[in-house]
Amino acid sequence: MVEYAWLVPLFPLVAYLLLFVLGRRAQEGVVTAIAVLASLAAFVVSLMILSEVQANGPGAPYMFHWLTVGSYTLSMGYEVTALNAMMLAVVTFVSTLVFLFSKSYMKGDERFVVFYQYLSLFVFSMLGLVISPNLLQVYIFWELVGLCSFLLVGFWYYKPEAAAAAKKAFIVTRIGDVGLFIGIMLLFVATGTFDYAGVFQAVESKNFAIDWISPEAFITLVAILIFIGAIGKSAQFPLHTWLPDAMEGPTPVSALIHAATMVAAGVYLVARAFPIFAASETALTVIAVIGGITAIFAALIGLTQNDIKRVVAYSTVSQLGYMVMALGVSAYVASVFHLMTHAFFKALLFLAAGSVIHALHHNQDIRSMGGLWKKMPVTGWTFLIGALALSGIPPFAGFWSKDEILLGAYASGNTLLFVIGLIAAFCTAFYIFRVFFMTFTGEFRGDKDTWDHAHESGPVMTIPLVLLAIMALVSGLFNSPVTDYALADFLQAGGLHYGAHPEHVSWMPYVATLVALAGIGLAYLMYKTKSINPERLANGALRPLYNLSYNKFYVDEIYHYAIVLPVVWIGRILNFIDKWIVDGIVRLVGQGTYVGALGLKYAQNGQVQTYGLITVLGAVVLLGAAMYAIGGVR
Amino acid sequence: MTGNLLTFIVLLPLIAALIIGFVPRSNQGQARAVALIATALSLLLSIFVYAGFDQDLAGMQYTTHYEWINIAHVYQDKALTIGFDLGIDGLSLPFLLLTGIITFLAVLASKNIQHRVKEYYLWVMLLVAGLYGCFVALDLFLFFLFLELTLIPMYFLIGIWGGDRKGAVATKFLVYRGIASAFVLVAFVALAFKAADATGVISMNMVNIADAFAKASPDLITAAFKQGIFLVLLLAILIEEAFFPFHTWLPDTHEQAPAAVSMLVGGVLMKIGAYLLFRIGVGILPDAVQYFATLIALIGVINIVYAALIAMVQKDWRRLLAFSAISHMGVVLLGVAAMNEAGLQGGIFMTISSGLLSGLLFFLIGAIQERTGTTMIGALGGLSKPMPILSGFLLAAALGSLGLPGMSGFISEVLAFIGAFDAFPVLAAVGTLGIILAAVYLLWAMQRTTYGPTTAALEGVSDAKAIEYLPMIVLTALILLIGIYPSILGDLVNPTILSYVTGIGG
Amino acid sequence: MLSVEQFLTLAAILFCIGLYGALTKRNIIIVLVSIELMLNAANINLLTFARFGLVPAINGQVFTLFAMTIAAAELAVGLAILIALYRNRNTSDVRDQDLMKW
Amino acid sequence: MNLTTGFTTITFSDVWHVMAPELIMILAGFAILLFDLFVSKGTSRRLSPWLGVVTVIVAIVLVIRNFGVVAAEGPGQLSNMLYVLDDYGNVFKLIFLFGTLFTLIMSIDFFKKNPLVAVPEYTYLLLFGTVGAMTMASAFDLITLFVGLEILSISSYILVAMRKGNSKATEGAMKYLVIGSIASAFVLYGMSFIYGITGQTNIALGGQMIAQMWMEMQPVLLLGFLLMLVGFGVKISLVPFHQWAPDTYEGAANPITSFLAVVSKAAGFALIIRTFIWGFAREFGELYIYLAIFAALTMIVGNVAALAQKNIKRLLAYSSVAQAGYLLIPLVTLGKGTNEHNIWLALGETVFYLAGYLFMTMGAFAVLTAVTREAGNETIDAFRGLYKRSPFQAVAMSVFLLSMAGMPITAGFFGKFYIFLGAINTGLYWLAALLFVTSAIAFYYYFGVLKAIFAGETSEEGTAVPKLGLPWSLNLIVWIGLIGTVGLGVFPNLFLDVLNGLHWFG
């Protein structure tokens, strides 16, 4: 089956093309059926591949010739490794459920079919990204998923915020992409190939066709450049700002792209190219630090946000920070494991949030929610499961993977990172339960009309929720003592021996659970029992901190004033220079010539004696010059 | 017979111009029909040439040779022979096809010209003949003739059918490019004479000259001579190709010319400079290109960044696209400066890709202008609602232009930057800024136009008409084709590039 | 005995006077006469050289004869044109003759 | 034989042998003069132009016969090389005679419209003037040269003034006369110094003496050379001695203007080249720089001054000033070596350009005559919408203007290209480049006229525009001009081969 891995992305592609051909006339049911079936078929094939990889180990890459450049050949192809197989399954699973969910969520939208086109295209691109055997191909699909993200964030194109968010998402990630671009260009120049295998080999032998930099420094440089790509895509600090804004897109999009799959691509890429990173201690340190900063930074912002989707979005950024940090401390398995579990529970949280939003007519502000448990029990339950998984409460999925990461951080000997991880875990538990309590418990704070119309979503929406909730419950077990750490073995079957399960520290599960419970408890006190008044805290001693968090540490503002405005001003200045100096000189020459022409014209004053005078003057100058030239009259 | 195919390709538009000259003025449809048929036939013949082209050969094919002019005693008592020499190789064939496609579609897109229709098509046909001629002429004299032939019709096409500043802009175009022509001619004749020192025969045939230069000893043709001539040529190329600081004619021209003419300018006309760079610069004077590589790369990077930054603050789509094209062509310089396989191939890819994209973008902007009466970005908005098809294609074109994978711009950038990173890592890294900035200005302009709320004035505008589908689909399909299966272009140019690159090494 | 230089100087002075007159006098007749002066200065030169030149020869005198004839013809034509001019414009002032300029 | 003192007897057959065409012209001139005395005014008016035409045709035949004579017997001479018969003279004479022929044919129309013009006088003055020009081409002695120059000049003064009752004509004649006479004085004064040092009036012998005396008497010889250059410079309107030209051209009748522009200018060049090549050949390496400066100055100022010009005749006058700059370049190139091939090349360039210039100028003036007469003014506006009124005239005028501008496949272009090749041949790159750069500047005003022709609207669209007719005589000239301009441009070898077969000198 592994040799048929190309089928997996093919299904969504076919779905895309079909939907494209069908156009807007297609009925919603037909559209959904096509998309869901394609995705489902991809999922089935993925599962078959997964089982085969588990049984026989990863297969060799399949390559075909794409372009000849002088004496080089660029190839395209596909490859299934353990990591790929896992990613295929996760992506197709989540996408199938999101496709299903969207049928109801997007019902009645005039561009319903377009939505599914984009989604299918996205799934195709994401799967293509996953099975790419070389960095160029990765980059191609990397950009395509970025495009789909752009299209879907800006799906409601008539909303200016959506348009702005889409543009921001594309441009900010592109800044990272350029880093990746430079990285793979340099790698190609140095190694003559884009293929992972060839690149890894060259990295191992430190044999590069480049002389302006030492091989070690080169590896570090390239690793960091590739990581810059991951920073952009996985919304790591300092390029994280696009992800919360991307919540302007429809919620299923947020669930699929901005939580479960695309944003994990950065983590996936680093994991996939891990041998390059493993060869550079400096690069790993950078990664770990960036991951740690992101984890705590986003978690702190998440504490105070009021938009239900934004809270979940910041939690995504924070969790991605965890994964990146894990990679930085060489906890490879932990990172990938968390990637998987996160995909399930974060998709779950988003879809549940989507269900709430759908029920409340696209109101997303948790301050005007409350008491929805009564109206939407299924959503409530599933959200709760997701929240528990996110907080890392055993036996939910998040517990197992987060525990691994904390272990890895601890094992790396970097205490600071470990502490950061713990604090972030506390914050995570706090803010997600803040949302939970404010949404599902207490009294409804919105207008009555909305309350009356609020109701549990239909089965099309609840079935995906339930399925994801189940995964959020059980997926943690894949890499737990229960299954004897099956995932670790599976991932390492391909010959990657990084971050084997770190030695267990007996107190770790307890500490982690306690921290999470403490966060939940605080949220309970503040938002359920109201024993602590959050507003007094916010307006009291903690006001500066609150403002900082509420305003996202002013990062957007800083970027606006430090980068965007200066660049625009440079553009304006250059435009001015172009218009008045560069072209000005051209026009000056032109008009100067014309003025000269006018001068010559008016020198022609009609007086024959003037003409004679000028003639004679010319003659005199000529004679004078000539005599001067020959050294004077002797 | 096949040898004369190229002659027919060039002659057809001229014959069409002649026929249009005798069409009664009242019958505008006939003029248009003649133009359409002629460009379509030329396009078909070009495709026919492509079909019969042997992609494995590096040399000229489909050669035609007629003795034309013989000027005795012109240099060291030797006679200069000028031939009506046409031919095509892997380098010029893509340009030929590009010309065929863009010219046909531009004529198709000229539907909205309602004013002095007959004369319009007459000039367009002359222009088309000149454009074709430039890419199939083997004789430098002939090339120069065709280059000059493009000037005259362009002057009128801008000067009569242009915008509010048409007079000044037409003159600027004419004089600026006329001066460039002077430098081109100086370089050509100097090359021919110098080659004669080596071979004893004065010929303006570029193949002969290239041979002579490749074989002559360094004592005979000194490095200093090559460098001097290359500088003259470079100056001409910078003007022809609208590179900073000689670019200012291009934004003005695009702003003032009718959309279909902008298609021709952006799609084909300004690519002549790039063709010169490849054909004469790299093909005949590779040592000099190598010698000035850093300078060329620097100019390339300056253009990429400078034009991109300026494009960012443009208010008019047409000026924005002009600067965008300048920025893209900077990548060509960067690739050429690298003087390696990837860089050169990337340069050619980028030239062709930029031609297709410019053609598409100007077509779309023209269509939008026709409906809304403006190309000012600020005056547009929310066009996705009334015209989803056009908006969709605009989105695709903008994405292609900003180098989205799967479209031609991407593979061009990849190849050019591979080459550039090999030779000039730092400059290349600076050049990648262009990739970011392209996203900034293109997305901004695209969104301002098609996203957001639809203003009341734009509610009722109509979407694409049937006839407009053809240019959009053909161009988009080609952009996608090159993006997805670049070998279709790569295999054509590869033998020529290999021969150039081995020439550099040897 | 007069030397070559003196004749040449005389010719040069005459030439300059003629030139000055031709360029400054308002009356066309005077202008024409001044031009005659220039031509005659050249004639003096020719004659001087024919007599005192490095290689004395008769050619100079022949040349002078031709030049005189030509000068006469020129003057005649000049006067004819002047008459036509005067008929048309009723003035013989050179400075009034600027219908065509710019 | 002692050339300076010896006496030879001359028989009429000797004279006929050497100067048959001139004799025919002179005799015919007097015949017309007498004829006018004896027949009625009307008959004389009707017939004398035809007599002139016939005479010129006969003279042309005789000149063509002389080519054969020279080929068979070698160059001939008369009276101690006072007057020579060689192909250099013959080819120039052909240009003069064709120029005169076209002028006469154009004049037939002019006579019809201007009943006050004294036709017989006009005709024989034209013939005499041409004889003067022919003398300038064949004279080999300062005396004959000067006489020829003056015959042409004096005839021209009268011809300019021939529009009876026209203030502009008399004013132009006056200006021409004053400046021309001053120039004559300069020439004569300069000649006197040359004669004084060499003791020779014969050019060849003088040249030998100059070579001997150069070291000793350089300042005086240089003074003579420069004074002659100034005088000649006025005749061929080099900058800054050109200012009479626009006024005189404007004042003269159109046929006479074209006569001045073509025949008078060509004669000036015949004279300059003959004098300088023979007289100063050995010193030319030092002297050419003065000519180069004049050439550059003339090209620049001539073209720039025309930019602001709205009067079409003055514009053409400036254009003809600029052309003088181009035409001077072949002579300048001789400064870089006066071997036989270079001289032949330079002469070929000059004659080819003059031939092309003849056709395009005559054609342009023919169209101009019809157009300005109909419009009642001589500004560029007279050409507005000419394309609508008379497509043929519009196209013809465009060809002539494009040829003057140096656009390909016209005689003007090839002529320039030929001159350009010569300049590159001798390494005068800067002058070669300047030639085409100033041409590019000239595009501005040539295309300004073209734009008026094609873009200008005389009236609202749709309303009938009055057609513009062309009298048969002008029509004939337009056709000849058109055929000549395009023919020389497309098949330059037709003429080049003739030029290459000539025995320029003995």
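Letters A, B, C and D mark the chains in the order given here, with residues in each chain numbered from 1 onward.
Everything below uses one rule, namely that contacts are C-beta pairs under 8 Å (C-beta built on N, C-alpha and C of every residue); 3 or more make two chains touch, one makes a residue touch a chain.
Chains and their UniProt names: A = NADH-quinone oxidoreductase subunit L; B = NADH-quinone oxidoreductase subunit M; C = NADH-quinone oxidoreductase subunit K; D = NADH-quinone oxidoreductase subunit N.
Computed from a prediction, not measured in an experiment: that's the story for all the values here.
When every chain is reduced to the mean of its C-alpha atoms, the one closest to the centre of the whole protein set is B. The chain pair with the larger count of C-beta pairs in contact, out of C-D and A-C, is C-D. With centres set at the average Cα position, the gap from subunit C to subunit D is 26 Å. Look at where the CA atoms of subunit B average out and do the same for subunit C: the two points lie 63 Å apart. Centre-to-centre spacing of subunit A and subunit C amounts to 94 Å, using the average Cα coordinate of each chain. Separating the centre of subunit B from that of subunit D, both taken as means of CA atoms, is a distance of 43 Å. Annotation for subunit B: residues touching 2 or more other chains are 175. Annotation for subunit C: residues touching 2 or more other chains are 19, 22, 31, 94, 97-101. Multi-chain contact residues of subunit A (touching two or more other chains) are listed as 601, 604, 606, 608-609, 612, 616. Listed by chain label, the pairs that touch are A-B, A-C, A-D, B-D, C-D.
Of all residues in subunit D, those touching subunit C in their complex are 4-5, 142-143, 146-147, 150, 153-154, 157-158, 161, 164-168, 170-175, 177-178, 181-182, 184-185, 188-189, 191-193, 195-201, 209, 213, 217, 246-247, 250-251. Those residues of subunit D whose C-beta lies close enough to touch subunit A in the complex are 174-175, 178-179, 182-183, 186, 218-219, 222-223, 226-227, 229-230, 234, 240-241, 243-244, 246-247, 290, 301, 304-309, 441.
Subunit B contributes residues 21, 68-77, 80, 119, 141, 144-145, 148-149, 151-152, 155-156, 159-160, 167, 170-171, 174-175, 178-179, 181-183, 185-186, 189-190, 193, 232 to its touches with subunit D in the complex.
On the subunit B side of its complex with subunit A, the touching residues are 172, 175-176, 244-245, 247-249, 306, 309-310, 312-314, 340-342, 345, 382, 384-385, 399, 404-406, 410-411, 414-415, 417-418, 421-422, 425, 428-429, 432-433, 435-436, 439-440, 443-444, 447, 450-454, 485-487, 490-491, 494, 497-498, 501. Subunit A makes touch with subunit C in their complex at residues 601-602, 604-609, 612-613, 616.
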